[in-house]
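For reference, the structure is listed below as structure tokens.
Which chain is which? They are A, B, C and D, in the order written, and residues in each are numbered from 1.
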């Protein structure tokens, strides 16, 4: 029996998809990634809103995460309602009908021969 | 309807703006950055105090963050009441009249050809 | 007298053991690592379940951590009930009968001459 | 008026001082660092216990942090009651009589020409 783990709202303030990238794709693409774990027995229809410095929030983006599954999604790949422009500062807020846990990961290959890697949990509410 | 997310006080103990930097500016400058997300419908007049190892705190620095907006601010760019000296250890405490979420990000280009990247959420109170 | 510190359930959503690796082994192997601190006076029989994007969770893996001890375990080294495939996205959920603290660390040496390092606390419940 | 911020007990499970190091010292030494912010009006006599995989905890180490001050201390520099051996896995537990905030930072220069940087808040109790 798995306890309910996590929270229904998560926030990442520090988004910015690195651009340009160097190295073979897709393994050395630059990306921002959200990693979601859903330990419950129900599918989580996660919705994501993207916040900007100079425009109203855009969303919701829909990210289904199956029961007892994870999902690692590159923000670069979100296109509906609109793509997130590369190299533009943003933040995001996720909401889920069931408790999930969210981690943020950046891979930065803007500098040839170098690998910038950074991660943090999102902030739960 | 967005719930109130975040907290009104946030702390980052581990500041130190990397110096010197290598590579084109501003994209490969060395910096410490605060990333703030304000999901509320009110502008947040965030105030920041900077703590040092060997001197009284300096502040407040004023960082307005619009309603439903993010702001990514490099500590290097704060000059009023005074600039934060490069390569000097510091910490900071942020206060906001409305709940916000704060993330810390460092880009370190002191070593030519290398890219040091590190991030963490700030500590909420 | 040490207070009870930590929690009994911890989650890391963003696993993916980097592959391939470059440099001498084992110091420059690519790995995901869980770092567990048990400050209590009882051994902690930590159990770990691994979640995937496209399959049911696998577990439990057993990780004993002695009283007043730490343990740093590379996910690469877990083989019972089955090895975690390299370069495959996963997440994990740890449960302990006594409070512990869990940190996640990745070392990424996929790019020759570069060193990607990222860490975060796991999420406690 | 600054509110009491932080906690009195903090834990970092994932310590390991990188060795060897490459590059000029002390700026490119490999190190694990604890960054402590004390926003209170009282000096904090922080005490630190170090946990190992195969030995009883060692401590307390004494780290005074002045009122309204930060302190960034490299674990490499702690020598009383004994030095922390390089490249040996450890964890640590900090206790403070007044609330403080603690962040962990690693700089890894084991690979010439590369810079591994990772940070996370410690876990508060």
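By definition in this document, contacts are C-beta pairs under 8 Å (C-beta built on N, C-alpha and C of every residue); 3 or more make two chains touch, one makes a residue touch a chain.
Being a predicted model, the structure only gives us computed values, none of them experimental.
At the interface between chain A and chain B, two copies of one sequence, fewer than half of the residue numbers in use are shared by both copies. Chain centres here are C-alpha means, and the one lying farthest from chain D is A. Chain D has its Cα centroid 21 Å from the Cα centroid of chain B. With centres defined as mean CA coordinates, chain C is found 30 Å away from chain B. With touch defined as above, residues shared between interfaces to two or more other chains in chain B number as follows: 113-121. On the chain D side of its complex with chain B, the touching residues are 2-6, 23, 27-28, 33, 35-37, 39, 68-72, 101-103, 105, 107, 109, 113-121, 124. The residues of chain C lying in touch with chain A in their complex are 9, 11-16, 49, 51-54, 56-57, 89-91, 93, 104, 106, 108, 110-111, 113-123, 125.
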